[in-house]
Amino acid sequence: NAARANDTILVYAAASLTGVMQDLTPLWTEATGGALKVSLAGSSVLARQIQQGAPADVFISANADWMDVLEQDALIVGGTRRDLVGNTLALIAHDPSIPAQSIGPELDLINLLAGGRLAMALVDAVPAGIYGKTALTKLGLWADLAPHVAQTDNVRTALALVASGAAPLGIVYATDAQAEPRVHMIGTFPETLHPAIRYPAAAINQPDPAPALAFLNFLQSGPARTVFAQRGFQVPGN
Amino acid sequence: MSVEIALRHKQGAFRLAVDMHTPGGVTALFGRSGAGKTTVVNAVAGLLRPEAGRIVIDGEVLTDTQRGVFEPPHRRRVGYVFQEGRIFPHLSVRGNLLYGRWFAKRGTRGPEIDHIVDMLGLGKLLERRPTALSGGEKQRVAIGRALLSDPRLLLMDEPLAALDDTRKAQILPYLERIRDEAQLPILYVSHSVAEVARLATSVAVLHGGSLVRCGPVADVLSDPSAVRALGVREAGAILIGRVAGHDSDGLTRITVSAGEVFLPQIDATLGSMIRVRVEAQDVMIAREPPKNISALNILPVEIIALRGGAGPGIVVQLGSGDDRLLARITRRSATALDLTPGLQCYAVVKSMSVARWDVGSQGV
Amino acid sequence: MSVEIALRHKQGAFRLAVDMHTPGGVTALFGRSGAGKTTVVNAVAGLLRPEAGRIVIDGEVLTDTQRGVFEPPHRRRVGYVFQEGRIFPHLSVRGNLLYGRWFAKRGTRGPEIDHIVDMLGLGKLLERRPTALSGGEKQRVAIGRALLSDPRLLLMDEPLAALDDTRKAQILPYLERIRDEAQLPILYVSHSVAEVARLATSVAVLHGGSLVRCGPVADVLSDPSAVRALGVREAGAILIGRVAGHDSDGLTRITVSAGEVFLPQIDATLGSMIRVRVEAQDVMIAREPPKNISALNILPVEIIALRGGAGPGIVVQLGSGDDRLLARITRRSATALDLTPGLQCYAVVKSMSVARWDVGSQGV
Amino acid sequence: MAGWLGPEEWQAVALSLRVALWATGLSLPFGIAVAWVLARRDFPGKQILNGLVHLPLIMPPVVTGYLLLLTFGTQGPVGAALQDWFGIVLAFRWTGAALAAAVMAFPLMVRAIRLSIEAVDPKLEQAAGTLGASGPWVFLTVTLPLILPGVLAGAVLAFAKAMGEFGATITFVSNIPGETRTLPTAIYTFLQVPGGESAALRLVVISVIIAMGALLLSEGLATRMARRISGA
Amino acid sequence: MAGWLGPEEWQAVALSLRVALWATGLSLPFGIAVAWVLARRDFPGKQILNGLVHLPLIMPPVVTGYLLLLTFGTQGPVGAALQDWFGIVLAFRWTGAALAAAVMAFPLMVRAIRLSIEAVDPKLEQAAGTLGASGPWVFLTVTLPLILPGVLAGAVLAFAKAMGEFGATITFVSNIPGETRTLPTAIYTFLQVPGGESAALRLVVISVIIAMGALLLSEGLATRMARRISGA
């Protein structure tokens, strides 16, 4: 299988990890001499491809659901699943003059929107959207806010809406918010408002699981943790 | 009425250089295939922008490259019967016929559609789609469409080529009437000298893009030197006469300058002027008036000139009163009869050989 | 050689019902516009599948709806000159001419391209695109393409309509040679009786989809009752003769059953049989042989019948030896000369009025 | 059938139909005009226009959507002008979805119409000219009737494309239930979550049925038109 | 220029070209065949074939990609058969990307070619028949030369679409650098990284330049062909 040369491992990673994976690739090669190929797409796309026999060695999902599916299908190597890092949800604004807000039931987003839209990833489909909706529901804000939400196919597009000013406010991952100069974070959602945002990783059933295990360990090694942290992810134990 | 066409144009290897001036009426364009007839007509219609040239119809300048005048086709009001039909495939026969009406000036009505439909025998075809028409039927629709567009000038490129003689005999008198009554100038391309002789006021003969002859129809057709340009068989002269009487046995008496001739009854009022084409090959020469013979028309003539080529035949130009006649006879007969210029003798023309078609009312 | 065409077909409101059987050679299809000529030709080419019918050429069944036989067009080896050209726009003139060659049986070579190109005057056009051709040029390419496809049967739908007389006079002898030497059956649609008389072995006259007359060309053309179907002017008879000598002054002596006639030199070897068409309007009748007249051909004839219509003219059928002649004269002359059946008199025909075209070598 | 789909899904169906119909209908005149210009005129910059028309085909839909956002968004130069002068808002509205669909479908529409125009014999148009029809009249009475089958083909291609357009639409107008949540976005949503396949399939079937209906209708119409012209 | 793009990006460019060329080249004969059948034949199920051809246009690309994955994936019925019998692997290979691009571009190609075939006068084909050409020869010597401009238009539409195809490709063959990361997927990848817009824009420009080049080339060729036919 050409995609899996002896010393090359193929990682299927959720698109929100793109930056991290870019940084990790040279580190991995430096550390092991092996090559790393990363296929980046939405978690659902990647999971389905793995179901259909994709030659991936490692899968890193942006939510637990798709990893659960693969686990049920016995497609991952038993005992290799682990949560790598976490993330937080951020409320961002385009207009720098909007002051920081405290995220609580008294948060008056509708007023802040001033007729504009709140950009979020798809609230029933994309993890960032699901988490955001859960949090707003818990705050009792969702019902009123729902008509004002503009949902996008992934969280990056939501970010782009705010960055370009098309939407005044948005809810995205803190990791995205921190790297975009045209938006500023006006609040972060406490972890209590939504299920923990975790990026589970696991080795996929392949004839030779050894490189995958090595890579999973690498992901939890010091240099990798530094990279994750630099990109704004919450690294457990840090 | 006048038609002035001066053109200079290059089309691939073909060079057109024409400068003709005719007094209106029907101007026949004559010439072999590829001589440039359609090109001239296209230039008049405004479908071709000549490299240099000037086209003036009835004083109205349609094209003048020097002054930068170029009327677009839709403002020229020409009724163009194309050589290849060009019927609109998406319209019924009726739609095709009426197409030009939509754009004709209000008020000016042009000819009646019923009349045209009748003349062209299109009555049963009005709702047909063009693809369900025969070749000749399409051609008739094309003629009707042009006639009904209320044109100021008719351009007809071999309009009758695909039609049978009976139909031609229905259409030609109509064109004559247009020429005489509506005073519509017509540019008429045809390979048939019979048609041309009947209709044309002037004839222009093209050869390889150049004008080799242009003049009044009677002059060109009775000029033995034009005989070659027109093809051996087609030489003939034109007599102008006045209808003197319709006899009870169906013959019409016509006074020409040299006497009387008889023709099968023709549709012309007493006293009106008509023209009769007499093909050179239909004329015999006799030293004395023949007797007891079915030929009715025997005219005293004087031999003006004899002109022969390489073949066994010669063309004899005859003076008959003020008119000219041409006779094609064998060299052998000329020798046997001892024909020389100045000789007084008789031209024998079978009345029937002046065919219906060759009789036209005298325009201009 | 034989051609059998039996068809029954409905096309919109038009019903075709034809049953003709001719001995091969050239079968002329004659009839007014919309009579069904093209429909018949299309059926023979296999482009139309008739509702019922049988088409057999030279013993080979091309269509037989009863037995379910329908040879596809590409296996019929017909050379079809379409009424509307149908030149391939993406091929040069040369490519068009040679198209059929690609598919012709190896070994059988067919006519030489150089010869055909010469005859049709296409030499300078070989590399042209069809869109840069004049109407007549396209038609000539269509003729050449059909001739060069090495056909077993030629279908020609008004092939010469768009051509000038000079070109026609170059093509017709070639078609005669095909008819006589290559023994190729030809189905020939034309509105020109001159062409038909010269080429045809048989004539079929269509009217409104029905066959009104079908028979050998001499019979049909010399039948006064057929005169109306063909149009008044076109009646004429055919004389069969043998070339007796070429005189030094360019005339050819031809022995016919009633004596000798003279024609302008024709291209036929001594002793060969030829046919001469004499139009009824070119024949005069005299009670005594006229003297001192330029007409060379005076044949003793017997009056067989006189047939008149409403008009001033009548058609006189004359027995001339074994042949028949037709003369169209005025009723007045017939009365003056007291013509009655059985009367012995003289037919006067100007030699020159037997035009070049109307002389053809004798096929069949 | 009504029970087969929930009210939200029906809403998506209705919205998709509306978006696709408007996208097709409104872009058709422009499509015809551009196709005519490309087929029959020669002018400097013709190839630039040609390239522009093809752009949405070449670029990934997300990029097209993003460019639409930058241009027609409330902050975009054209978007702001439209809003100020005509009160037309495109961002986050179904009108924007129609615009996105129209832009994405435009190259397909133009190509089909252009090919038909190129197939019209200019000799017929000339003939109409000699009969007194000026340029626009020639187009209306000769060219247009003759290219109707091609216009229909272009329209149905555009309609089908508009029904299926996803990437540019969601990027430009995002997914607002009842406003911009078209069938493809609904389908995408279902496909993101495990087990959503059957719901997605239902919507796919609906959109296929609708587009097939349009296709069959157009084929039938085109056949009738062609028959009228060919006289069969 | 070499310094403007990194090696990975050049790889994406090369891969996209390869994918688009193969997709266009291999589907062209099928496109012509299907277009001919749809334009000239009448048979039961014709509209089903017609609908099938249009399907990729109607369905969101993700759905098409998913169906391709289910059919041509290593576990899919066709994919498994291809692999067992011919050793052809499509899933997660550039070959699969070519298949996805071909499928997505197929309706555009077929429509363009079909419109051209419908514009060919059957009378010319009949004439070829009377001159001895059997059906296939008529097609090769008359129909095909006459529709070449349309074939070219279809091919260039397909090429442009193949260069820009994203949704079906990433869903079917994923986004593997050097194997299936075509220009559009590379652009997508850049857009996922903060600050990746300028890199993405570079790639957009590259793909636009390539597709425009193809477009201009095809326009030039088509003009020459048309001129040969119209004799101007």
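Labels A, B, C, D and E are assigned to the chains in the order they are written; within every chain, residues are numbered from 1.
Basically, a contact is a pair of C-beta atoms (placed from the backbone, for glycine too) under 8 Å apart; a residue touches a chain by one contact, two chains touch by 3 or more.
Everything numeric here is computed off the predicted structure, so don't read it as measured data.
Asks: Would you mind naming the chains that touch chain B and likewise touch chain D?
Replies: Intersection of chain B and chain D contact lists gives nothing.
Asks: Counting in whole Å, what is the centre-to-centre distance of chain B and chain C, each centre being its mean C-alpha position?
Replies: The answer is 26 Å.
Asks: How big is the gap, in whole Å, between where the Cα atoms of chain B centre and where those of chain E centre?
Replies: 60
Asks: For chain A and chain C, what's the span in angstrom between their mean Cα positions?
Replies: That pair's centroid distance is 90 Å.
Asks: What are the residue numbers in chain A that touch two or more other chains?
Replies: Correct list: 160.
Asks: Provide the list of chain D residues touching at least two other chains, using ranges where the numbers run on.
Replies: Within chain D, the residues that touch at least two other chains are 62, 166-167, 188, 191.
Asks: Of all the residues in chain C, which ones touch at least 2 other chains?
Replies: Each of 84, 128, 132 in chain C touches at least two other chains.
Asks: By the touch definition up top, name every chain pair that qualifies.
Replies: A-D, A-E, B-C, B-D, C-E, D-E
Asks: State the interface residues of chain E toward chain C in the complex, per the touch definition above.
Replies: 123-124, 126-135, 137-138, 141-142, 145-146, 228-232
Asks: Under the definition above, what is the set of chain C residues touching chain B in their complex?
Replies: Going through chain C, the ones touching chain B are 11-13, 31-34, 37-38, 83-84, 121, 124, 128, 132, 134-137, 139-140, 157-158, 161-167, 169, 191, 231-234, 247, 249-251, 262, 264-265, 281-282, 284-288, 290-296, 311-313, 327-335, 337, 348, 350-353, 355-357.
Asks: Could you list, by residue number, the parts of chain B that touch chain D in their complex?
Replies: Listed in rising order, the residues of chain B that touch chain D are 45-47, 72-80, 82, 84, 86, 88-91, 99-100, 102-104, 128-132, 145-146, 149, 155.
Asks: What residues of chain D sit close enough to touch chain A in their complex?
Replies: On the chain D side, the touching residues are 62, 66, 69-70, 73-75, 91-92, 166-167, 170-171, 173-177, 185, 188-194, 196.
Asks: Tell me, which parts of chain A touch chain D in their complex?
Replies: 42, 44, 47, 65-66, 68-69, 117, 119, 122, 124-126, 146-147, 149-153, 157-158, 160-161, 164-166
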